[in-house]
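So, here come the structures, one by one.
There are two complexes below, and they share subunit A, which is joined by subunit B in the first and by subunit C in the second.
Showing the complex of A and B:
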């Protein structure tokens, strides 16, 4: 989110009572204590069943009936249309154009935050799903039968969604770089990308079916759906119900490519945070090498950023796989592939923690803009004031630097404790002896401590 | 005079120490378990 430097660098610096690295030590101690608490008090798996229970029929009808779904879908299509129009016809200034804040803050950060609590909120608002379903219904009405689709190659799993996730962040964080000065993605490029993605998504839906593509390959459905597995609300067979929080995550990650999605989430968030902080020196060094070889400044900047984004992907995947390798050495361990896929869901709370830690302040600040001057003047031309708020601004004093740091630490600790809990619970279902299960989780503890310290290190350097 | 001006370059070490501590504990526990077995 490099076009909003003030979101991370506030006018007031941090005034912490102890050095930032001591918070990392404190967080690590919390994780270690949590580990021993789980070992002592959690002796049987509790998250293998989601225990979904339907809510009152009236409430379910009000929330998930066809008219409500149609209305939500219509709203999604309308907002996407407004965003694309604003991107293509509005101001080039990223902070004054409705499209960039809407797509990269409100949608990209809002849905994970709220889906993690309330369940899959994106599904009814998914504009491509709405268009696909409407088209399918129209086809059925005319042809007298549902459209036929190709069988989705199940080995492909969620890999297309993972690739789309990396491409989305690459577009915003890497492609947006210009001449070594991070000005971010321009609105017109965002609009064109949205149109290309829409065409690609609708084509894939036509090939494989709307619901199948949303479950496997549609980037936003899969990405937001991943976080929704933590939430307590879920729809089953057209009925709204409640389930045990976190419990659905374990069955979500059984599809091939799910690990790639969650690793992509953690690593792209890490890269975005590190590119202006911890990795800055390294990126500049690689940039100089590419520039020396003869690449143009823009190309050299994009190549060097791409190299480090790839290193982040490999690094996060590598740490997790090392943990899996460690678990595999414990007596009674299942096959490596089963462990690798069976513990992938434990990274979902970590992905959410990273998202909250890195972006919640940006979300708090930019949503003020979203619902004031961007809503009243979506094109940013200064000629409209639809709701009388075009002259409003962002109040950066709502969050102090210290408050941001404490929320960041709290989010990382909470996310990793939840990850540790999910891992411990899964281990109890894989190892018959709870002592072997606990021993296997030494390695996941190391993974969690590593991700916690890495996340806090990135944030401390960014905030400095 | 302490070279405190360059201390910032080495702050990452403080973030790695907890990880090394946990890994050390794992190794120690594994060695002990092998001896018992």
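Showing the complex of A and C:
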């Protein structure tokens, strides 16, 4: 294979592959837990109702009051502005530029991690939503009427967001040719992409309405919103309240295209994890074929990566649909389409587990950079030291390899258990007979075991 | 804090350190208040013209600042010289080790480093003083290394593989109470570093700006001493990521790395200028 020129990647450190003994332990625990789940399944659905109840009146209203919303919105717009400015005007070195770590680590990984616990944290900070709402309010004040919008074609559902998600990761790991680990994009391209996306998003909000577009098409709202369904805080009727964790996920997937969002999440994470390890040989083989045909090195690398990313999408969707087809054969099963959409949310914990397993260490290490030198010297040019931390570095010793392994395997096993829990629960509400419901879950169990073991496998061969 | 109290504390600290040092100090320089010093010794590659060189270097920490003074005789007449404060001791091959920097990731220029530039007089004597308004942390001032300021004259030196900077004339190892622990650690590291130039340590050979035989895989267990050398036919800066070590390698030269495996994970070793990975360093727990 020819030498690909590699620029600086965001992080020049990679996790060690999970050792064979831990792989074996992880896989064994997964199987044991699964059989236990089958034997000890409960008989009545427990997660079909979110059981939302408001927090104390003062707090629950204050938390979502207009000044708080305005403040959060402003913060979001300001931070996006800083990121775009740093991307366009700052250093070309991805690891020294505020923009890349902020967009691809702090935001892209931070919101899923924390939303899965606390609920939808992105909504108040969404910069495009804030701009859209402010514009709408200004329009209403001047024109004396609320802006009118086109009716959103419901058939499209969340497909625009799913496409945006794939595009985002494609840009991050396929288009960016700097290789290395995680983000391969250069700051300049990231800045331009952010501007283009902002223009597109504001246009769509103008067409279909701010909230509608956030629920359906705005990639980040939908993607982070998906994980927030697992969290225990939620706003309803202008009040902040608590709900049963996991329970909100059940109703999330009823919108068309939701399945595509989950599948896109799992498969893009898989691709990123596998491209340096399990798929490396395959990608290089395809790369050589493209290079032989006469494509340039960069183009050939992007094409071969794209092929494998597409294969991941098809593979993940295929395994899930196979499971659904299996469930459909069980006595008393509802329609295929209902099953297909009705179990999509059970993959959210798996998607989260994949994210944690692949990016946990990157997050811990890069956030040290984010809150020290990247904050003090956002452009990375050594021209500012706003908080006196410009000279700090990342302490890579805060996480030992063992700690990272346990978190990785622990996340996958936990995701597996939560996925099984949601699937079992949903089956109980779909099948009138509890025994049929349990029987249908052999299939979902096979799907979950496949995803979890594939996840373990990816970790065990990373960078083999 | 009043300056009188500060002084009192300082005196107490010095008394304690001096007491400790007296037990283990086998010679070396003065142990004044916050002062460390050393005599210049010729390096292995110094040309014969410098055989009569004598001089000393003194580093004084006071009032939160640092002053470094050197005085040298036996130099060439009317010639520009440069010296830097280094972190390491004077043992070859890495005479002095890296330059001292207040901020290890910051600039290579003063005030982040301590540089002393001077011109010798007609008798071949020279002296210089540099001050800094920050205190050099204890144990980080290892030596002062003297070399020519003009690149033109470097060709007069013997080029020998394995020496990072072939232009070093003399080195004064700074000794005193403050550097005792650092010196012990250094000696230990130097003792460990001995085999790094041995044939057993892997050498990554770079030809035409590319690593011969592809990306070299280096594998160690946590706590091991990582040792390898890079031999390159192009001048480059070698960067060990994660550990964030950088060393220059001259065209046709070799640079040796030796450091303890403290961070677990997989790291790139890269030629910084071309952004080309030449080795993969793997540290297992």
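By our rule, the second predicted complex is superposed on the first by the 418 of 464 C-alpha atoms of A that agree within 3 Å, B and C clash if a C-alpha of one lies under 4 Å from a C-alpha of the other, contacts with A are read in each partner's own complex, and residues count from 1 in each chain.
In the analysis below, a residue touches a chain if its C-beta (ideal position, glycine included) is under 8 Å from a C-beta of that chain, and two chains touch if they have at least 3 such contacts.
Owing to the predicted nature of the structure, the values given are computational and were not obtained by experimental measurement.
Using the contact criterion defined above for the overlaid structures, shared-chain residue A:15 touches subunit C, although it does not reach subunit B. Judged by the touch definition given at the top, the superposed model places A:456 against subunit B, while subunit C stays out of reach. In the superposition on chain A, A:296 contacts neither subunit B nor subunit C.
In the superposition on chain A, contact of A:199 is made with neither subunit B nor subunit C. Of the two partner chains, subunit C is the only one touched by A:396; subunit B is not.
Common to the subunit B and subunit C contact sets on subunit A is no residue at all. Looking at the complex, you find that subunit B touches subunit A at residues 11-12, 14-19, 21-23, 25-26, 29-30, 33.
Residues 103-107, 210, 222, 241-242, 244, 262-268, 270, 274-277, 282-285 of subunit C are the ones that touch subunit A when the two sit in their complex. Put simply, subunit A touches subunit B in their complex at residues 19, 21, 24-25, 28, 32, 278, 326, 329, 439, 442-443, 445-446, 449-450, 453-454, 456-457, 460.
Residue ranges on subunit A touching subunit C, taken from their complex, read 3, 5-8, 12-16, 178, 180, 361, 373, 382, 391, 393, 396-397, 400-402, 463.
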